[in-house]
Every structure is written in C-alpha cells, then in structure tokens.
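One structure follows; several queries about it will come next.
Here the chain labels run A, B, C and D in written order, and each chain numbers its own residues starting at 1.
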Amino acid sequence: MGKEKTNQDAGAGTVNIYTDLALEERERFSRNVEIEGVKIDKQYDRKLNMTTTVVDIFNREGSKAMGKPEGSYITMETRLLKDFDEETRRTISAQLAEHIHQMLKGEKIKNILIVGLGNSQATPDALGPKVAENIITGQNVYCISPGVLAQTGMETYSIIKGIVGEVNPDIVIAIDSLAARNLRRVTTTIQLTDTGITPGSGVGNHRMGLDEKSLGRKVIAIGVPMVVSGATIVNDTMEKLLHILSSVEKTNYMSDIFSRYTSKEKYQLFEELLSEDTEQMFVTPKDIDEIVENLSRLIAHSLNKFCDEMINIA
Amino acid sequence: MGKEKTNQDAGAGTVNIYTDLALEERERFSRNVEIEGVKIDKQYDRKLNMTTTVVDIFNREGSKAMGKPEGSYITMETRLLKDFDEETRRTISAQLAEHIHQMLKGEKIKNILIVGLGNSQATPDALGPKVAENIITGQNVYCISPGVLAQTGMETYSIIKGIVGEVNPDIVIAIDSLAARNLRRVTTTIQLTDTGITPGSGVGNHRMGLDEKSLGRKVIAIGVPMVVSGATIVNDTMEKLLHILSSVEKTNYMSDIFSRYTSKEKYQLFEELLSEDTEQMFVTPKDIDEIVENLSRLIAHSLNKFCDEMINIA
Amino acid sequence: MGKEKTNQDAGAGTVNIYTDLALEERERFSRNVEIEGVKIDKQYDRKLNMTTTVVDIFNREGSKAMGKPEGSYITMETRLLKDFDEETRRTISAQLAEHIHQMLKGEKIKNILIVGLGNSQATPDALGPKVAENIITGQNVYCISPGVLAQTGMETYSIIKGIVGEVNPDIVIAIDSLAARNLRRVTTTIQLTDTGITPGSGVGNHRMGLDEKSLGRKVIAIGVPMVVSGATIVNDTMEKLLHILSSVEKTNYMSDIFSRYTSKEKYQLFEELLSEDTEQMFVTPKDIDEIVENLSRLIAHSLNKFCDEMINIA
Amino acid sequence: MGKEKTNQDAGAGTVNIYTDLALEERERFSRNVEIEGVKIDKQYDRKLNMTTTVVDIFNREGSKAMGKPEGSYITMETRLLKDFDEETRRTISAQLAEHIHQMLKGEKIKNILIVGLGNSQATPDALGPKVAENIITGQNVYCISPGVLAQTGMETYSIIKGIVGEVNPDIVIAIDSLAARNLRRVTTTIQLTDTGITPGSGVGNHRMGLDEKSLGRKVIAIGVPMVVSGATIVNDTMEKLLHILSSVEKTNYMSDIFSRYTSKEKYQLFEELLSEDTEQMFVTPKDIDEIVENLSRLIAHSLNKFCDEMINIA
C-alpha cells in the first residue's frame, strides 16, 4: 500500500506521533485493508483476558508501509499486567519464555547477553535496569545495565558493541521501556521482536540501533510502553472532540474547519497546540513505581526460565 | 465579586480544574478586577528571575470568591527551582525561611513538628517524605513522615492529631506535593500558607484537613506543584485551539460552536474528553526524580535554618 | 537459679553481651539445669531443617533468671531464611501466621495496628519499615513506620501511643531488627513474643517500651537478628581460642591465666579489647541488602495472611 | 628488606590479612626501617586534621617488599571524611583533584573514562556506582558502572576492555570500595594510585586487574576503605590481648604460648578462630548508608572539577 493511502486512512485529526509498537502502526490502517508484506495473527486467551498479536513484516514494502524493520513482532496485551497474582505471573512469564524460544527455533545458543536499557534513576525508564537486577547470571548468561547517554556520555551502542566483542554471546536480549501512542497500552502490553531496538525509541533516547546488522548477533528486544508523550494527549483529545461533536451536531462545524486545512496546515496547528512545557512532560500512571517493580520481576522471571532451558539444551 | 461574573471571565474553554495554588485561583479573574476581601502584592527579583506573590484573603467574601480559606498565601515562582547552583539554593532557602518567620511574627515558638506528607514510593508525591529525611531533629524539633492512607489504612489527620497530643508542639509545618492547573508552574513554584493543608488536595488524597481548627495549633503548609492532571492537558489544548483558530479564521467557527452550548453542556463535553485512562495518569516532568531530590534538599535546608533560628530565639 | 551460678556456667570467656533473643538467654545456662519459672519446648521440622523453640517465662523468678519479661517467646531457626524458594516462603509464613493466632487464642480482634520499627535508611535496621511497605492495609488493618529517634526527635513510644489513642486498635504487632549474641543466628532466626519490644533493644535504640502495660493493648513483637555487636566477635574469638588451646596443650596456660583473674578483672580486660571503633561498627552479612528484602516479604506475607483470617473471623 | 625480617617485625599475633592500602603495608615495618625501593613523604594539615602520605614504590625490590605494584600511592586521612560541612568538602575535593593532576603531569588528556566499580545493591560496596551517578559526562568525559561479576556474569575487566576499545579514552579513572586492615581507617581514608586496581581486592571481588598493562591506558584508582574483614577483628583482638597481658603480667604467659608455635602453626590457629560465619560477614560502621552518600558526592565533585579543568586545558 502506498503512503498517500495511508495518510487518508489516518483521518483528519491524526498527527504522526511516534510509537514503538508495531501493533499501533498497524492500527493506522483500516482493519480490512491488507498491507503487502505484512501478515497478522491474533489470538485471545479468555482466562487471562489477553490478546496475543503476531505481526510479521516479511519484505521491503511491508517494512516501508509499517515504518518498522522486517521481522517478527509479538504483543501480549492484558490489563492484568498492571496488577497480577503469583499464578498469573507464572502463566504470563512462561508464555513469554515460549515466544522467545519460538523466535530462535533451530538456532543453537550457548551464550546469552541480556541488556537492561534505560535510566534506573527515572522511574518509567527503569524497567530495563530493574529486569537486569533480577537476572540470574552464570557461566553462559551475561547481563549488563549500561545506563543512558546522559549518564555515560557514550552511545549505548558503543558500550554493547565493546562488550559483545569481548564476551562473544550468541544472541543479545535487550529490555527497554517503550513509548506508546495510546494511553490504554501503557503498562498493559509486552512487545517482543527479533528486529532489535531501533533508534530514537521509547522513553530515553538510545540513538544507535542494537540489531543483527550492527552487532553481528540476533537481537531480541522486549519492551513495555511506560509513557505516552504530551503529543498523544493532545491528539487523543482532538480525536475525541471531533467524534463527540460529529455525533452531536447535524452539520459538523469542526470537521468543516479541518477540511479546509491542508495536511501541512493541520500538522502546524498540532505543533502549536504542543507547548514546549508539554514536550518535556511524561504522561504516566500514578502507580508507575509499583508497576515497574512488578513487571520487571515478571520479565526477569521469564528470561531466567528461558536461559535456564536454553543453556541446558545446548 | 459574584460567582457568575467569575465564570464568564473564565472563558468558553475553562472547566473548573482543581488547583492547590491560591495564585491560580486568582488568575481565573481578570487582572484589573478587584476582589473583595483579597489583597495581592507582587514583587520581582531580577537576579533570581523570581516573582514573589503574597495573596491575603482576609474575610468571608474573599474566601468564598477564591475558594480557599482565609489566611496568607505566598508563592515564589522561578524557573531556577528546576536546576540551581549552590548559591541560588542558599538565597532561595534563606528567603523561604524569612517568609516563615514573618508568618509567625510575634509568636513564641518552643517546639516545632514538621510533617512530610505524601508517598515516598511514588516519585512526584515523595517531596514531603524526602524533605523529612533531611530535617535535623533535636530536643525541640520533631519530624514525621506518616505515609498515605493507602499505606497506613489511617487518615493522616488521625496520625498527626495523635502525635500532636503526645509531643505538644507550638506549631506544625507540613510539606506536600501539590497539583497545579498550569503546566508552567510544575516544579517552578513554592507556595507557603498559614491556612494548613485543606482536604482533597494535591497528588495524593489526604482527606481530612490539617489546620489550626482541627489540630489546635497554627499549621504552616509548604507545597510545590509536581503534577498537573490529565484534565489540565485537555483544557490547555482546548484553550490553545480556540486561541489559534480565532487568530487564523475571520469568523471563529469554533467559538461559535461553543457559544451555542450552555455551561453545563460544555462541562459535559470536557468530561467526555477525559477518558478513564487519562484520569489515572500523572503529567510530570521527565526529570522528576532529580527535581524532587534537589527541591527536597532546598526546603529541608530552609526549615533547618528556620528551626535553628527560632529555637535559639526562644 | 542464683546469679552466681549462672556466671560460673557461662565460663571464663563470657562477658554479658546483650541479646534480644530469649533463646540465647536460655543458652547461658547448662542444658540440664532446670530454671524455675521457665518452660521450654523444642520441635524440629526435618523438611525445613527448622527448629522451633517455645520459651514460656511464667513467673517472677523465671523473668529474673532470664532477664526478660514474663510471657511467651517463639523462635523459628533455619538457614533457609537466608535464601528460600517460593514454596518454602509460603510454608514458613503460614507457620508464623499460625503462631500469632495461637498467641491470641480466644481474643476477639477487630482492629490491628502494625508497626514497622527501625531506620529505613540503614540496611540492617530496615526490616520493620520494609515489612510495613508490603502490608495490605484496609478498614481494620492500620500500619505505620514511625522512623527512629534520630530521624523524628521523638520517642517511638510517644508516636505509637498517640496513634493508638486515635485509631484504637485491639492489638499492636511490631516488627524490628534485633541484635543476637551468636553470629549463626543472624538472619536465620525469627522471634515472636507477646511481651512487646523492651527498651534498649536491637540495632537502633527505641528507648521506651511498647508493651501491654504502656499501650493498654497486647503487643506482639516479631524480630529477626540482623547484626551482632563488635563485642560478640571479640567474645567469640576468645572462647574459640580457649577451646582450641585447651585441646592442643596438655596444661592449659591460657585457662591458667584467666583463672587467676576475678570476674571483675576479666570484664575489664574484655572492655579494653573492645575499642571505641569496634563499638560503632556493625557485623552483618555481606548480602544483607538482599536478605532484608526477602525476609521483609516473608513476614509481610505472613501478617497479611494473619490479618485477613483474623478480620474475617471477627 | 627480606621477607623473613618483615615477618619478625610484624609480631607474634599478626596474620597476613589483606589490605588495599599501601599505607597499611608500610605499617607492617618498623617506622625506622628503610625499605629499598620505597620512598615515603608525610604531611599534616592542621586545619583539616588531615595526614597526606605519598608512598612511591619505584623498583622491583620495593614492589616485592610492599606486596604492591610499582607506582605512586597517595592517602588522605582525616576523621572529617565521616562527617563534613560544605567548606571542608570543597577543600578536600580540590586537594584530591590536584593530586590527580600531579599524577598525570605532562600528559595530554583528551578523553577520560570514569569507572564506578562495585555493587550498587550492597551499601558498603556502592561507593563506585554512587560516584558514577554524580559524574557530569560530556563529549570527552565517559562514565560507566559495570556492576559486579555476580550481577553480570562477566569479568569487570572484559566489560571495561570492550568499552575502552570502542570509545578510546586517554586515561581510565576507577573508583572502588576498599578493604582495610585497621578499623580506624574505615571511611576515614582516601587512597589514590596510578597503578590501577589489582585483583582480589576490596569488598567485592573484581578478579582481573584494570591497569596500564591490561588496558593500554594509565589507570588511576581512587578508593575508600569501607569494611574490615572478620579476620581483622580477630587479629585486632589478639594483638590487644597480648599487649594488655604483657603490661599486666611480669612473665608474659601468652607470649610464651605463642613463642612455642611455628609461624605455620600460628597461622592455622588464626584460621580456626575465623569461623565460616565470620568470613561471610562485613564489619562496617553503623551509619554506612549516610557515609557512602556523602563520600560519593565529595569524590564525584572532585572528579567533575578535574575533568572540567583537564578538558579545558586540552
């Protein structure tokens, strides 16, 4: 599908707000539209009230349409991620471990480097470092929390590349906090991908990509959206406003107004609605400290399980 | 000034969003309108780029118009609160200590109870507990961080009342994180008041008031806005939208739309724009962890200075 | 049993080092000696490799001989407390909850106040505050971490008495870090008693007692030894030295030396061996941070279970 | 000086307990003995009550006698390190920065890598990571906290070597918690050396050395003793015992006993006095949490000053 079509689908009120979730890129398109080079599979688990979506981007067109590299993206979505009991934790972390196994099917793994990305000093960005705290390392399981550029003065990529050169792992698994476009996804979604972590992503700003091309090893990335940007809030508000007004008014004055603007003018309007203050703000759940604590244990538990199984097989 | 006038002044897009700042209540009114029972004094310090505003509410009418109890409210506003060097810290904390002295002019103080309100486990609500960590207690300076209702199962009021009964302080000084209406005020404003902490305020929810009436001692409250609510973002967006559109369009379709709604209808519209998700979100600066750390040291430094001077005088 | 006898039993190298554990007071006496007013029952759980000892001090003589108030003292000792899996945690915390139920047999409990004693800023003293963090409070379960005298400027007793007066609980359960005499007991023993927390105890220094007499409510205290004092190390060394030398030498020169000193002279010798530096030191396990984290979860889990059962019965 | 001589000087009760401090190695020898290949200079600052000692080990004999690599060792000793005001902090950190400049005299430095060694999760080992938190990084100042082997599964050396290869700094400055032999030195001494961090040192166990030979860059190490081992306590006790007894008794029975043992037998005796429990224990000051916090700020302040000056010169 061409780019123009995409924009039309996206509707009057939509500005191209960044998201780390392939799922959310897919949602820019109408549900019935088939996108070339992209395959989607959804499954619903009633007990966990969990939707698992596998998005496969398998050629250049798919990659271009989605704005994401070719590869596999698995998302597990459930409100239970916000607050779960021990049994649920075990079930979800077993499923997550299983997804990692599937992504590596056939590959022989002897050494694993786990990388906890993000800033341990900023709660919504602390997921990676907190997962790293709970990893059980050993002879073949390595783990590092490199910190962020502002702390280290170095590109995260340089640190990881240096370490990879020294300890020579077969794969890298990176955990990071993500940015979502939709408030509902914050802390309710885990995304798993074999395409690595792409530049400019998430809460922090880890600029150079960690992926198979740059590191010479498959890089599996696990992320959870922890924030939406101020832009998202503005956008959400506008979309709701249009929706509400259009259902209240016979003639939709509002849509009228927007219809007279070009795309570029609309974009400028939204830019102006985003004040400088808003841009330096996070929108994050009130109980984010507790959620990061719980989610980091769940993911660490899952990775410990995966490493244990993988190393024992090898 | 009557209430109806107030609402008209406030403009089409304004919903009554809660603020802890007397200053922001004042801003609902036109600058030139004189409000009965309210006296305002502003001073500007060029070096600190700081505006100090004293709002005195001295009778019932003033209290009613402002929606705040009678008493004195001092706000110190400067961007420097976000990031300051040691000299600035000393200057600002000396001024803050001086303001506390002025509020107590003539009173003889022998014992002081400092109360760090808020939740040490939730960064933007941790200001009070973090100030408490840095208080130098002694024979006549007491300090407590009671925690929040969700942690203790008890009203903060009950805990403080019990302690006041046992240690019998001459005054109570309470520190808390506040909620502002305006993003610009977040972490750039310190408010000091002798009216205590009123119910339903700020980040947490400390329901029963700590004030002279309930505790039998003068209660000085020191607060810094740490968050704005989702509602604020929606409101800010709408106000800007109206403003931008009115300057772009000859005929303001948007204002036209709103002019046809009653106040109640407008309120309902905004309610709908606020999703459940938004309400459970904080909007807070990206570097909130560091800001809370720095501000808590500044305020603690100021209180230590005040207590030291006060106890030595007595 | 008279005091003189006790000292003879204790052997040449023993100085009267403070311990919070009734169990360790008992160990000053020969195993076969029966102490009037004291009843002891031991049980061993093979699976947990756990020894549970119930010491009942039921009259004045027993209290005098043991140097502890009349009441019941239960200790659960197992190396597993240092490092346990989830199943072990559940088993131990269920047993602990059961012991609390037994101590309250017959009493009708409607409200419970849980008090996490100690200093959250000093790792080995942070057990109480960390347990408090994990308590699920509610309509009838209250919880407070009052901090320590150096932080608050107030006696812990005053704070708790004030709160008890306001919220009127039926019982108080206090959790604290303890001091042991024997290194082996550090982080491997939980002591439960219905005699409250007595003055001068443990890691911190909570001077006025929290007990039924002072608070007008039964006070159950739960403690885990987190440190031994420098004095303990000196003492342990001397005892070992005597033991080793006596088994190596035909004539025990060392014992000869000590036999010529009076008790008072020996005490002075040990005093001199304890430098000022040693006294300001903790002896604590290298992984104390992790142990405090794990133990606080175990105890909180147990208290949550107890409160849940108790409130539902009532 | 030969090794045998050394042992005789060290006295009957001395076991060769590890110390990271060159100063303490020097103290094994009589004050008047001149050691070949070792130069010592002491200066006393009355105002700070601070002794600064420069130990230069400038050849193989010196290195052998001292059990330390050739190079320069500077120690700054003052009780003020435990508790200092702002002015003292500035003075001491300026002196420390000056010492680093002197060690690098003549060298042109364009890039600096600062390494915070140790375990942020174990208070006495957290000095390095906490210094790292407060470093101001920039275009030419890099900083990393690699964690410890138990956390990462990797030799610290491998991590740092990898990073050095990528970012190519001119020097490496490593900060670590040290082990001392003498309780008095704990948290009262800063050691600075240009010989790097040697294996087996300090609180943690960073096994492969970070030094000029292994990394190809000069490595300056800054350390503060944070613990003494259980062995130290045992040894201190024994030495005091001998001392006290010898001044009390005409004939020194105790020394008699030890004189009949060979060195090997004495060593075995001390080994036995060290129980397994003792070895897994830290001896550390009661207020270690606060001391680590303060010292890390002092050292970070000093390094920020040094980097700022160095980069500006270059």
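Assume a residue touches a chain if its C-beta (ideal position, glycine included) is under 8 Å from a C-beta of that chain, and two chains touch if they have at least 3 such contacts.
Worth saying up front: this structure is predicted, and the values here are computed from it rather than measured.
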For copies chain C and chain D, the superposing rotation on Cα atoms, rounded to the nearest 5 degrees, equals 180
Between chain A and chain B, the Cα-mean centres are separated in Å by 36
Once you find the CA centre of chain B and the CA centre of chain D, what distance in Å lies between them?
-> 48
Once you find the CA centre of chain A and the CA centre of chain D, what distance in Å lies between them?
-> 44
Which parts of chain B, given as residue numbers and ranges, touch two or more other chains?
-> 121
Who touches whom among the chains?
-> A-B, A-D, B-C, C-D
For the chain D and chain C complex, residues of the former touching the latter | 121-123, 183-184, 186, 230, 233-234, 236-238, 240-241, 244-245, 249, 253-254, 256-257, 269, 272-273, 275, 277-278, 280-290
In the complex, chain B touches chain C at residues 121, 132-133, 137-147, 150-154, 158-159, 161-167
